[in-house]
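As structure tokens, here come the structures.
Look for chain A in each of the two complexes below; its partner is chain B in the first and chain C in the second.
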Partner chain A sequence: MAGVQIDGLEKKFGNLRVLKGIDLDIRDGEFVSFLGPSGCGKTTLLRSIAGLEDINGGQVVLGGQPISKLPPAKRDIAMVFQNYALYPHMNVYKNLSFGLSLNGVPKAEIEERVLNAARILQITELLKRRPKQLSGGQRQRVAIGRAIVRDPKLFLLDEPLSNLDAGLRVTMRVELANLHKRLGVTMIYVTHDQVEAMTLSDRVVVLDQGKVAQFGTPLELFYAPQNLFVASFIGSPKMNFLDVAAQAAGDKQLKVSADDLFRDITIALETSPANVAGPHKLGIRPDNIELVTQDEAHMSGQVMLVERLGTESQVHIRLDNGEDFVAIARGTHPAATGDHVFLKFPAQHCHIFNGEGQAYPRELDAETRSLIDRQKSLHGAAQKGEEK
Partner chain B sequence: MSGVYDRQYQRQKFVEKLTPYLFISPWILGFFFFTLGPLVFSFVMSFYDWPVVGDREFIGTQNYEVMLTQDPLFWDSLWVTIKFGLFFVPFNIVLGLLLAVLLNQKVIGSGIFRTIFYLPSVISGVALVTIWAWIYSHEYGILNFLLGLAGIQGPNWLGDPNWALLAIVVASLWGLGGTMLILLTGLQSIPKELYEAAKMSGVPGWARLIFITIPMLSPMLLFTFITSIIAAFQQLTIALLLTGGGPLESTYFFAMYIYDNAFKHFEMGYAAANSWVMFLIILALSMMVMKSSSAWVYYEGEMKKGGNKDA
Partner chain C sequence: MLRAFTYGALIFLSAMFILPFYWTFITAVKSVSELYQYPPVFWPSDVQWENFITAWFKQPFDVYFKNSAIVVVMSTIGQLFSSSLVAYGFARFHFKGRDVIFIILLATMMIPWDVKMIPLYMEFNMLGWINTLKPLIVPAYFAEAFFVFLLRQYIMTVPIEIDEAARMDGANSWQIYWRIHLPLMMPALVLVGTFHFMNAWNDYLGPLIFLNDQSKYTLTLGLSMFKGLHETDITSIAAITVLLCIPPLILFFFAQRYIMDGAIGSSVKG
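Up next, the complex of A and B:
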């Protein structure tokens, strides 16, 4: 087991820079997800760590040893592929043992390792079957088993659940989390599904066009996004944004105003902002918007559509300035298409971004802060457990 | 009323059923008149003494008896063909596979090489033979000229019974572009993740070829195996034009033997009987190969009953 350090990693396909200087420090035993939209470079980054792609600059260090120049087999890394990549002409046992037997592992040891992996994954009774005779979930297990038998320092998983149906995906997600706990090995997981990333990971790397947009715990990404990209990418429905102007207002405070806003909003920050000139963006998540009466409201608009999901209603609103917002109201909220509604943006839930799209770190309420701290410390505790 | 309606309905149904057959009728007619017809006709012919001019006479199985018991040329030509096949079939497949593997590498200009290797398969047989006649020529041939530069006195390739068959094997291997192309398509349909997974677990290149490429390619290998056997038995053009069966009948192929019986000796009935024997031999060989295939061919689509349990 080992941590992974990535320094200034660069990757080009022809003239196209797909990875633009990636720096990451992944701790020993950590479960880290690479999250981002298609084409953000997450799979390329994973394949670069695996050694399946030659890199054009920077380096990768695994367990203190630089591995960028080593062939994939020498890196002590196992990878689970998106489409499983099982050898279709071999039965499950052969699929698990194939690599080992060619690397001179004694037969008895191979059998022990294969049976052990099969037991962990509960596929012992499938060992004689061919991949064709397995269900999607079973194939996924075999693919993971092929990684386990190698007892590697690092697991790489490339969208391993994306080919499964929704129900099975949830089951396998839980199993993956348990597997990580049980093996205690460092795992890197590529996904475009933020639910998977948020639920499985100790920390998440959000990638945007070949750069790290933010590297933090799931709750940090949600409550303290560092930039517009992370703010709009994490959370569903997406965060709403409004063009505003900002001015410093007293100690660690920012006053936000706009022609469209009925009244100013004063946002508490962690530090006093240095320069607040230029255009800003105000961000607010749909579930933080309150539908209120006129005297409390910041803006008003017309309801275009109400999607009723039972526990909540997603209200699509066209604001008076023409912007489209989504607000989440309680399941039985009476809002109907065509209604004129008044919206309130509670200051403690507002995010504020400068002209470059960088967020001002806002002061979080005590509850959120302690939750984030706990997520960080939980991981720290797990760390110490592993080291024993 | 309902009777009329029923009849109309039946008529409509009949027309509907007939339509697809009308559409494929040109092919069906072609098959009956130009494939099945001659096939049956030749089978009937093989029981006759059937000169091109003169009276035909039903002689029962006499053609077959004579061929098997009294005609040494039958056995000699069959032996030549088998010897040829023993060289041609394995070389055709192994070289075709090696070329396909090489062309499957991501190398600049692999498209050009692909075309070059396939080119001989497009060239007319006669032109091909002319080129090889020039290469093999004893006195003026380029092969012996090159050997001479290395200080080697080249043999009379086409005039020496020890070399002539080999010379024809090499010349016919020139057309392995077709085999190569089939195997190349097969190679390109193997998911590249299989190789990446193998690379990650430290499987060396030779093992990837033997344990992944060849099993995944086995349906194509089976196909080329059978078509190569058929091609070996049908070998005629090159030998006919390059050596004419000589020297000392060392390249007198079975197909040439049939050709001579039919168009030199005008024994149509006898030639028909020869052809049926060739057909039965090819059929038997193909069936043996197919039978064995359940042990070594892996089909992605379905599991073959019986064999193929564990690779």
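Up next, the complex of A and C:
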């Protein structure tokens, strides 16, 4: 077991800079997801850690040891590939034992380790079968088993669930979480599925065009996004944005105004902002928008579409300034297409971003703050437990 | 009706193909009197099985057979090994000028053997290999463009992640070739092996040019010895030809079953 430190990692394909200076400090035993849109460099980053790609700069340290110059096999890392990459001509037992036998592990020990991994993954009855004779979920297990038997310092998983159907994906997700708990080994998990990243991970790395947009716990990303990219990428439906101007208003306060806003919004921040000139963006999540009466409202607009999901209604609104917003109202909210509605943006739920798209850290309410802190410390405690 | 027609056409075509073989066969077992009879005898009344044995002992065919066997076995091993290794190189390694070299390799398929004949003779002469079996064996250890092409295509259908997984498992490039790709391309290897076997087995021009002593002759050369200046021993030619057909037939029989058996090939991804 070991943590991973990545310093200034650079990767180019020809002239294309795919990774632009990645810095990460992943703790021992942590489950970390790489999350980001297609093409942002998740797979490339993972493969660079594995040693399957030569890097153009920076370095990777695993368990205190620089590994960037080592060949993949010497790094003590196991990888689970998206398409499983099982050896088609070998049965499951051989698939699991291949790496061990290459490394000269004695036969008896190989058998013990393979049977142990098979038991953990419940594939003991499948050991004699060829990959072709397995279902998708079973293949997935074998692929994970191949990683387990090697007892590596670090697990890398590249979208391991993306080839499974929705039901199986949920099952395997839970199994992966249990496996991580059981093995206590550091795992890095690539996905473009937010739900997977949020539910499985201790912390999530959000990547944007080859850079780390934010590295934090799932709740941090959701409640305290550091920039516009993370704010709009995390959460579904997406956060709504509005062009505004900002001015400092007393201690740790920011007053937000715009021609389109019926009234100013005063947002409480963690620190007093230094420079608030220039254009700003106000962000508010759909479920934080309240449909109210005119005297409380910040803006108004026309309902274009109401999607009734049962527990909630997603109300698509064209604001008077032409922007499209989505608000989430209760399932039985009477809003109907064509209605004119009034929207309220509660100050404590507003995010504010400067011209460069950087967020002003806002003051979180006590409940949210304690939840985030708990998520952070939960991991810390688990880690100490493992170390004993 | 259509069915009857289809069957009729198929039977007719099959007959057309089988006829020469049948003719060779009955020629081999005919008695001398029936051999030259006119109109030709399609159904010999006096089947002389001993013709095979007589023909075999008219010349040292056991020596020829040994020579042929050495050439065929040794060169097939070399061909399978070298072509698959070269194919692996072209399929999985990135090096400068790879594609150009590959095109050049493919272009060599265009050069007819007749053109290479004289330079090859000079080359082997310089090496002192004339009148040995080496010119018939050694070139097979330097791969054959068509087989390289075939096997490279085959390797390229295997996802690169399988190589990478093996690499993560600690396999080096050689082990990936030997333990992953070689077993995976078994069906293609059987095909290549069969092709090469047939070429080497039936090769006449090569042995004719490179071999002088009768003790070095292969079966095809021995067969041609029946064609004398003044008379041709038709019965013996037919008899040996029939015998020569047996090994390829057996090979084909097994190879075909192997190639048809899809259990080994494909099915890499789910």
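The definition used in the following text is that the second predicted complex is superposed on the first by the 388 of 388 C-alpha atoms of A that agree within 3 Å, B and C clash if a C-alpha of one lies under 4 Å from a C-alpha of the other, contacts with A are read in each partner's own complex, and residues count from 1 in each chain.
Going forward, a residue touches a chain if its C-beta (ideal position, glycine included) is under 8 Å from a C-beta of that chain, and two chains touch if they have at least 3 such contacts.
The model shown is predicted, which means the values in this text are computed figures rather than measured ones.
Following the overlay on chain A, a clash is recorded for the pair chain B and chain C. Of the two partner chains placed around the shared chain by superposition, neither chain B nor chain C is touched by A:F262.
Judged by the touch definition given at the top, the superposed model places A:N83 against both chain B and chain C.
Contact with neither chain B nor chain C is seen for A:F241 once the two complexes are overlaid on the shared chain.
When the two complexes are overlaid on their common chain A, residue A:K128 makes contact with chain B while staying clear of chain C.
By the document's definition of touching, of the two partners only chain C reaches A:R139; chain B does not.
Once the two complexes are overlaid on the shared chain, A:A73 sits against chain B and chain C alike. In the superposition on chain A, no contact is made by A:F342 with either chain B or chain C. Overlaid on A, the two complexes show chain B and chain C touching the same residues of chain A, namely 50, 52, 71-73, 77-79, 81-83, 85, 87-89, 98-99, 102-103, 130, 132, 146, 150. Of all residues in chain A, only 50, 52, 71-73, 77-79, 81-89, 98-99, 102-103, 130-132, 134, 136, 139, 146, 150, 163 touch chain C in the complex they form.
Remark: chain C residues 159, 161-162, 164-171, 175, 179-180, 183-184, 186, 263-264, 266-270 touch chain A in the complex. Residues 50-52, 71-74, 77-79, 81-83, 85, 87-91, 94, 98-100, 102-103, 128, 130, 132-133, 146, 150 of chain A touch chain B in their complex.
Interface residues of chain B, counted against chain A in their complex, comprise 191, 193-194, 196-204, 207, 211-212, 215-216, 298, 300, 303, 310-311.
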